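Letters A, B and C mark the chains in the order given here, with residues in each chain numbered from 1 onward.
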Amino acid sequence: MTATTKVLRKPRRTLAEQSYLLEVVKGLGVTLKHFFKGTGQLVSGNKPSPVTDPYADGCATLEYPDEKRPYAQRWRGVHRLTHRDDGSPRCVACLCCSTACPAQCIYIKPAEYPEGDKRRGYERYPEEFVIDELRCIFCGFCVEACPCDAIRMDTGVHMTAFDLRSDFVYDKDQLMSHVGQDGTQKSANTRHEPGDPTHPGITRLHGGH
Amino acid sequence: MPSFKLDDREIPFEKGDTIIKAAWRLGIEIPHYCWHPGLSVAANCRMCLVEIEPPPGGRAMMLDIMKWDADKNDWVPDRKPKLQPACQVQATDNMVVRSTSSKAAVEARAHVQEFLLVNHPVDCPICDQAGECKLQDYWMSEARTTKRMRDEPVHKPKGVVFGDTIVYDAERCITCTRCIRVCDEVIGDHMLDLRERGNKNEVVLAQGRKLEGDYTLMTEHVCPVGALTSSHFRFKARVWTLKETPTVCPGCATGCNLWIDVDTREGRAYRNRPRDNEAVNRFWACDDGMMTYLREHDGRVLKARLGRDGVREDVKRDAALDRAAEVLSKAPKGKVAVLLGAQFSTEDNFVAAALAKALGAGLYLTAKPAWRADKILRNADQNPNRAGALAAANGARVGSLADLLAAAAEGKVQAIVGLGADADVDANALAPLSRIADVVLALSHEGPLARYATVVLPAASWVEAEGSFVNAKGVAQGFKRALSPKGDAAPAWELLAGLGRAMNLDLSYTKLREVRAALLAQVPAAHPDHAPATSAATDAKASAGA
Amino acid sequence: MFWIQAFVKIALIVGVLVNMAAILLWVERKQSAMMQDRIGPNRAAIEVGGVRIRAAGLVHSIADGIKMIWKEDWEPVGGDRLLYRLAPIIALVPPLCLFAVIPFAPTLHVDHLRDLYDPAWAADPNDHSIPMRITTLDVGLLYIFAVAGAGVIGAALAGWSSNNKFSLLGGLRAASQMVSYEVAMGLSLVGSFMIYQSVQPADMITWQMQHCWGIFVQPLAFVLFATAAIAETKRVPFDVPEGESEVVAGYFTEYAGLKFGMFASGELVEVCTSSALLTVVFLGGWQFPFVQNSGFEFHYLGLDISWHWAHFIVVLVGLLSFVLKVAGLIFLQLQIRWTLPRFRYDQIMMLGWRILLPAALLNVLLTGMGILFYNGLSTTGGGTP
């Protein structure tokens, strides 16, 4: 196959284009067209729905908190801490997420379960779990790093705006109150509860161990 | 020197060395759990198995085994060499040892690793050892196989409190017995024992005992896995966020070599670990020494202040320096005393002595009182650098604090400048100091003398400044800076040199390098030639968890 | 009586203009949103008895005002305090002052509200009349050039007194740009002065009433003047005094709160003023097509329609007509601001000095030739101008 050469001529401006005036008028025409279309849609009230018809001509604004587009499952929103069956946090305060976090926005204070708790000695738990959502860059590394599927970003909620910086600092209770897009607060971690004498489920069958 | 061959490398050895020890001296690590250079040989973990070729003319020791043949779908007879633990076999001249080059040894190690993990809970996220765990390291380097056992692992006691300092997790334990051997051989007190056999095997407290004494943390230090955890570090931090810095224990005159692990993001010290030095502390450190990292945060002086008793006032460091220079310039000549500090580095003391010389002042020493000594590591002198402070005086007479108090009572001293607030006399005996109008002290920590100071300058701690200590045996050892100085603190030598300059004295030191050069010229014995001092044969990294 | 009138008119005009800044803020946001297929501001609301009044986003302007008042009034360290505080005032006051000479409706003769217009009223010394402008100056439009020139000082002072390199650069850019375009702006009106034979806005409108709108006799001047006027407002496409990637926010980088608000509203007032000027000089001022002092007059194409109105209606129509024309021009200016990409700094300078200035001179030349030619025609018995 022989190489073909296509000669492209450098586009030259015509006198009309060079004078700029005509082009300005043309440009104004384009924007005016949009202006009248948009105004018409807004005044008559039949603007296309950005949820069902996002690529329609005319106004494309999605009024976010009132109108929402469905998100992909892997879309990363505000964090949540998943629950165990008894409602305590899945998190074992391993600090993997705070280690992985490039923005260093996660602070965890690990603690031992109190005397008498069946998990004492087996696991630890986060006495404090704080995420500074202002610092967070929503990279999802914390979710990747978590060995227990305890932290997730599948809430489908955007970071909201607050008046105070302190409002962006989410504590453990706040993070545990968030619900996933599927409506549950559970995680996919089926590891049995430590200290449980029945030890239901040999989970390592499908684990890599 | 006799030598043997390990894989393709010639390893010289001393008579009586085992294979693993001779290799360890060269910094070559043969995987092992139960062997520790400072302990006797147990040979129970079977991780260090190597293949040893028969001597020339001899017959190889072979075992008859059955091997699975996938083609025939049946077991077939086979032979394989008999492997031997490298930690137990003594090296002989011209011996040929195969470790990584032996297929049988590599295979055996992978199987041993899998076997050790059979009942392991794999709770790495919860485990404090994660990140420096030999099970993790060797799984990555030797095994990388999935676990084939599908049964529920054996469950054993967890979170067993062995004493005030140690918590034991039997599920993570591989019963290498290092901790038991530490108790028996290093501490000389049989506090731990082993019970049951096979997969029920676990470490327990000896009958009627509790883990106590001055060296309990060494059991945790030698534990290659997360079975023993120290209660002070438990759940506090992850090791991968910590930065290790070589330091010297400020606890007593033994001068044990330590690592200090700090989190530079928080500016916080989290723990000490013994640093191997055959000449000083071998592999060990006492509990009090291991806890000295807490001194970085407890009782610190972080701000300059003026005035004594009720009328104290925090000021900027420079203001305090100016005030100190002013009052010391006014003090009558010959009635100034300079304090050396046995808790401060040789460099700090050297500059203090230089200041004394320039002022024509008498020298005295602040030090902590004697404490409990033992025959293992602890020295009766609680001060890490008494020898260094005396050496820094370079022949000048150094009085004790009692001498200073006597001189003060007689009115021979009217101004004091110096290092440290420690007193080796009773606090009530310090009263004569209140008669002295001007007491300028550079302090890293509060102490009994601090209340008599009229000007306090905040000094950096040993963690925050580079320096050296001279131990009771006269060994000078350097330590590195791990954290930047907190608050308004600065290295004490810098404060004193700045004070001297503010008084128009000839103290030109502005860099540690200059202080060290002067120290080398005047007191070479106190100079840390090899800072940090490490034993030449020991690769610090390789032995850190040995 | 004269002073009361003056004060009432000043209060009225300044009040309208300052409020226009707030309204134009909304217009600009909404118009740009419509052009870009967006909705524009609509969230701010005033809640009255559980009903949220959003007024199509107009409430945002109120919210902005409140925000600017309550913002921390930060001042840069090391700047010149007096000049720093003076600069926004100097930037806002000249555009407001420009309106002093602009007539926005025909003179109202109070005694003859319901009568048919009679030119004799103006000559009557006892007649009570209210001229629909703040004042009449002998220098006429020259006053506007003089005052508009003061606006440069505001930008330059702001840049200088902020003690910030970006501010200084922005101030320099603003000053040089405004000075450059003032030259072209002034020269572009010379042709109109020649035709109208006056610098008085009232005379210009009268001429246009009697003949035709200025835009038809001075089309080039209209384009030149409009371009230069947009450049004077320092808005896109001539917004080089500010630029995030080059000079941050230019000369008002260091301004916050109401001081910043004064710069911003100064810009919008300038838009109003330049539109008003264009209206007076080129679009017949308050004159509605075919409306004379006596009412609707159409005597072309063989038709002969006369529809006489009472005097106050004529004045009202004139006022409305002026407002409509200004509004239309503001719309055009905003449309241009949201349509065109910005120029580079060197392009702005080139356009000002090498195109607009020669073109303005050419316009003077052509106008002069035209007048000579036309006068020659009329002396030899030609038609009407």
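As a working rule, contacts are C-beta pairs under 8 Å (C-beta built on N, C-alpha and C of every residue); 3 or more make two chains touch, one makes a residue touch a chain.
This structure is a prediction, so every number in the text was calculated from the model and none was measured.
Undergrad: Give me the ID of the chain with the smallest distance between its Cα centroid and the all-protein Cα centroid.
TA: A
Undergrad: Taking contacts as defined above, which has more of them, A-B or A-C?
TA: Higher contact count goes to A-B.
Undergrad: Taking the mean of the CA coordinates per chain, how far is subunit B from subunit C in Å?
TA: Roughly 80 Å, centre to centre.
Undergrad: What's the distance between the Cα centroids of subunit A and subunit B, rounded to whole Å?
TA: Roughly 45 Å separates the two chain centres.
Undergrad: From the C-alpha centre of subunit A to that of subunit C, how far is it in Å?
TA: Computed from C-alpha means, the inter-chain centre distance equals 48 Å.
Undergrad: Would you give the residues of subunit C that are in contact with at least 2 other chains, written as numbers and ranges?
TA: None at all.
Undergrad: Using the touch rule from the top of the page, what residues of subunit B touch 2 or more other chains?
TA: Within subunit B, no residue touches at least two other chains.
Undergrad: Mind pulling up the subunit C residues that touch subunit A in the complex?
TA: 31, 33-39, 42, 223, 332, 335-336, 338-340
Undergrad: Under the touch definition given earlier, write down the residues of subunit B that touch subunit A in their complex.
TA: 122-126, 130, 146-147, 150-152, 155, 157-160, 167, 169, 234-238, 240-241, 265
Undergrad: So in the complex, the part of subunit A that touches subunit C is made up of which residues?
TA: The contact residues of subunit A facing subunit C are 21, 24, 27-28, 30-32, 34-35, 38-39, 42, 58-61, 63.
Undergrad: Please output the residues of subunit A touching subunit B within their complex, sorted ascending.
TA: 92-96, 99, 104, 110-112, 120-124, 147-148, 194, 199, 202, 204-205, 208-209
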